[in-house]
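Labels run A, B, C, D and E following the written order; every chain starts at residue 1.
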Amino acid sequence: MFSNLFNFASPQAFYPVAGRMISWFGWSAALLGVAGLYIAFFVAPTDATQGESYRIIFIHVPAAWMSMFLYLVMAGWAGLGLVLNTRLSGMMASALAPTGAMFTVVALVTGLLWGKPTWGTYWVWDARLTSELFLLFLYLGFMALKEAIDDPQRADRAGAILALVGVVNIPIIYFSVQWWNTLHQGASVSLTRAPSMAATMLAGMLVMALAAWMYSIAVSLARVRAIIVAREQDAAWVRSGTR
Amino acid sequence: MTAAIVLVLRRDLLVALRRKGDALNVLIFFVIVASLFPLGTGAEPGQLRAIAAGVIWVGALLAALLSLPRLFAADLADGTLEQMVVSAQPLPAVVVAKIAAHWLTTGLPLALIAPLLGLQYGLPGDALLVLLGAVLLGTPVLSLIGAAGAALTLGVRGAAVLTGLLVLPLFVPALVFGAGAVTASLSGIAPGPHLSLLGALLAVSLPLGLWATCAALRVALD
Amino acid sequence: MTAAIVLVLRRDLLVALRRKGDALNVLIFFVIVASLFPLGTGAEPGQLRAIAAGVIWVGALLAALLSLPRLFAADLADGTLEQMVVSAQPLPAVVVAKIAAHWLTTGLPLALIAPLLGLQYGLPGDALLVLLGAVLLGTPVLSLIGAAGAALTLGVRGAAVLTGLLVLPLFVPALVFGAGAVTASLSGIAPGPHLSLLGALLAVSLPLGLWATCAALRVALD
Amino acid sequence: MPRKMRYMLDAKDLACERGERRLFSDISLALKPGGFARLLGANGSGKTSLLRILAGLTRPAAGEVLWRGEKLGDIAEGYGREMLYLGHAPAVKDELSVAENLMFSARLSGIAASNDQCRMALEALGIGNLAPLSARVLSQGQRRRAALARLALAVPLPLWLLDEPFAALDENAISRVRALAEAHLARGGMLVLTSHQEVPIAAGNTQTVNLGV
Amino acid sequence: MPRKMRYMLDAKDLACERGERRLFSDISLALKPGGFARLLGANGSGKTSLLRILAGLTRPAAGEVLWRGEKLGDIAEGYGREMLYLGHAPAVKDELSVAENLMFSARLSGIAASNDQCRMALEALGIGNLAPLSARVLSQGQRRRAALARLALAVPLPLWLLDEPFAALDENAISRVRALAEAHLARGGMLVLTSHQEVPIAAGNTQTVNLGV
């Protein structure tokens, strides 16, 4: 009964749609990125206590958000594939993982660079930092597991199980600043409270976050197209060049 | 259900009994890891006491990890696993029994020897009790998560290392709360919250670990 | 002789590298192990520096131990081992190659990344060099002794207990000297004696490990 | 509905894919009590894969398998209580004795066999004298016999799925297994097997599924 | 001395003990170029054990095996360069492709086979198309074929020892292996094999060693 509802989930139907969407998202990402960086480096004022170094926030925070968000999306696709046995879901999860891992690395590296001037050290073993590091390990584990299994269908299902189990790490990252008292600061952007930072800073961060979002969509779509072609080599529609 | 658990448990324990070396290896490894530190760090009593809980917990994690490759791989190779999946017994019961057997042959011995090691590190009496409680609560978590990791990597080349890569991040909370309980008790803070967090962890990982293991085993055989 | 070594080495490396991630997994796994310790023990820079060498050595030992089961067991089960024994190539050459492949895929990557981890733990420059040297000298010892242990456990009943009792204690000198060299250099003492003891250990375990492995393999197949 | 009632095992339009390659498609197979199906085909044609689909181990790429009119996925262990699958891995643990091995695997199939019954089952395969030995010391054929001894206990299970049961057996063992299979069919059991050896099995109702090259 | 010169392989009064039990004793077997010996016996009678003694893997409880007049223990790898042993474990590594597996195992026997030769050897067993596939995906019979492809390369080795070479093979594969064995005998090679299947092999000089029940 799901067959109609999830008709778009066939790789064949999805391939051309994805092709058309990529450029839209790609251009939006570029434009938003330029705008965000402009706000970050030219509009936003110098911070009273941290000087210029605080500007890392415009990359750090969106990257950290994306790293967690993409994991949830990836796990969502993976779970969908496990339940409904749709081929496309596993490919989507595979396509999202490298981008998620990339944002995790960015969050870690910008955090490291920021830590030196503010905390006086690159790295401390605090709960937020450590759980973010383990998010990276989860992404890497997901990719390693998929890489290690020959049969793509089996790899999809095994990867999905891992991704779903790893979801427990996300609340740990997010709430770690509340659960343990750490060096890292707590959430300052919240839906329930008035933001505690300058409006331009907030705007810059949100624009950068949107850019990251668009970028993720564009890159994942491009990657999923490549995966579709690689996996469906035998399928007639690929060979006949309908793409 | 209970009958199935008892059946598989008896069988696994019998096999373990016939290969005593495996369980012993884990125990010896644990002792070596734990006793290496006084050697490596230049035994200052104060320092030792401070790191004792951490060292013992890391030892427990690694020992659990070391014993994981054996959990399902042999059963897969000789066809026992497929017999278990097509058997008249529910797969979750089989998996519960296998995990229980794993805990009885690795986690429990570790829990029993941990207070001895703590003594070696100069932990006071009440901290020893907390340590015992924490290890008793925490090692089943290790077995549960570990089983899921072992099942996911079944039949994969380099499975042992891949398993480590997959499960160690998930082991971390157990380590944090387990070591935290002992450290808290050392500094005169009540270890209760840490221990109940450990209990919560067990409660979460029981269904999650079971589900993941069963699902992964079916995938491995497909 | 050399041709045989190259042949088996190439084959084993090919098997190992068939999975692109395999060597990488060892590294990531090692990094995780090394990150666990500070987490469990609390995070004071002075303390960290003191335990750095111990942590890295335990990581190396664990990586060696984890990878041992797959050294010969798979070859025994699928018949490759008996083919190697009846082959046109001398058995010691085959064994040298297998041990070398094991070291190249576990020991060497660890040795190369160990200084990076040392950096993370705040070790000074000269201690890092000592660490690199010690790990380079020590990991082949682990591979050699480990291979003998893995060969002994094949087939022979009850040998597992024996291995546990023989091999793990034999690992300890490597750990003690290896960690000792770094600790010495940290406290401003020359690490030379420790390193030369490690070298001596390697010189002893090379012929001994080879001989024991070959003999044990023949016994396992008889 | 009528089809459901007539056949105990009913596999419809099965297809199997391995590594993006289609091994077979549109294979159907239906068994009534006493029915016997022989799977034929060259090496690699997909006999083992088909048998694993019938056992519920592998999911077919298309088609479905019904047992007593219900889909396999929905009945899970219920099917396990009525079906015996013997793959080419013998599922015999080196660490246990031959008798212990048999006892545990019978229990796993839901058959509570007494020590005496196990002994008799081993005798039915001609390895009664090996009962107390560790399975490690068995020869290749003895190991297969130890696995096949389950058949002698599996009288209550109506469906047997056997993958190459005669491989590595000597003549004596082959005729013993054959006798067990024929008795099973005679009392209304069902049997699906693959075999490269031409072993004639008497059955009221024989069908052949040829998977080709 | 005269006996030494007449026979290439000369096994005298062999006995084998396993777990304190004597499997067989006073078994003798001698082969000249072109000679063929078939080992018969029930499951567990000791055929594999005898073959392993001939290969130098197991030491006999009594008696000795001479190759070109020298005792096996004294010649070690020298024997390995002239003898091919195929046990029932196929020695095929899952991680390597079918072609790589063959190439490495040929090298191990001292045969430097080119890629083309490997390809042709696989074709001789009817699995040329599987050459680039990972051995993990092979079916049981395909895996045996991949192991047996060594025979097509082992032309320079005068002595072949084969344990159940026909098990799990379909008819086509059996006749291919049989052809390889007959060609080997015809060019003066020697062959010892065990088989429960009655596969006739034409040889100038056939002997049968019956190990009984």
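Here, a residue touches a chain if its C-beta (ideal position, glycine included) is under 8 Å from a C-beta of that chain, and two chains touch if they have at least 3 such contacts.
Note that the coordinates shown come from a computational prediction; the quantities given were computed from them, not determined experimentally.
Could you run down the chains that neighbour chain C and chain D together?
A, B, E
Since chain B and chain C are copies that touch, is their contact same (over half of the numbers shared) or different (under half)?
same
Given the contact rule stated at the top, which pair of chains has the most C-beta pairs in contact?
The chain pair sharing the largest number of C-beta contacts is B-C.
Degrees of rotation, nearest 5, to put the Cα trace of chain D on chain E?
About 180 degrees, rounded to the nearest 5.
Among the chains, which is located farthest from chain B on the basis of C-alpha centroids?
The most remote chain is E.
With chain centres defined as mean CA positions, report which chain is farthest from chain A.
Following the centroid criterion, the farthest chain would be E.
Just give me the whole-number Å value for how far the CA centre of chain C lies from that of chain E.
Chain centres of chain C and chain E, defined by C-alpha means, are spaced 37 Å apart.
Taking each chain's centre as its mean C-alpha position, how far apart are chain A and chain B in Å?
Once rounded, the distance between the two centres reads 32 Å.
Quick one: which residues in chain B touch 2 or more of the other chains?
Residues 19, 77, 156-158, 162, 165, 168-169, 172, 176, 222 of chain B touch two or more partner chains.
In chain D, what residues contact two or more other chains?
Chain D, residues with two or more chain partners: 18-19, 88.
List, in ascending order, every residue of chain A touching at least 2 other chains.
Expected reply: 130, 137, 140, 144, 148, 150.
For the complex, which residues does chain C have touching chain B?
Residues 15-16, 18-19, 21-22, 25-26, 28-29, 32-33, 36-37, 39-42, 47, 50-51, 53-54, 57-58, 61-63, 65-67, 69-70, 77, 153, 158-165, 168, 171-172, 175-176, 179-180, 183 of chain C touch chain B in their complex.
Which part of chain C faces chain A closely enough to touch in the complex?
Against chain A, chain C makes touches at 19-21, 24-25, 28, 32, 35, 38-39, 43, 120.
If we count contacts the way the header does, which residues on chain E are in touch with chain C in the complex?
Per the touch definition, chain E meets chain C at residues 55-59, 76-77, 79-81, 83, 85, 87-96, 100, 104-105, 107-110.
Which of the residues in chain A come into contact with chain C in the complex?
123-126, 130, 133, 137, 140, 144, 147-148
Okay, in this complex, where on chain D does chain A touch?
Residues 18-21 of chain D touch chain A in their complex.
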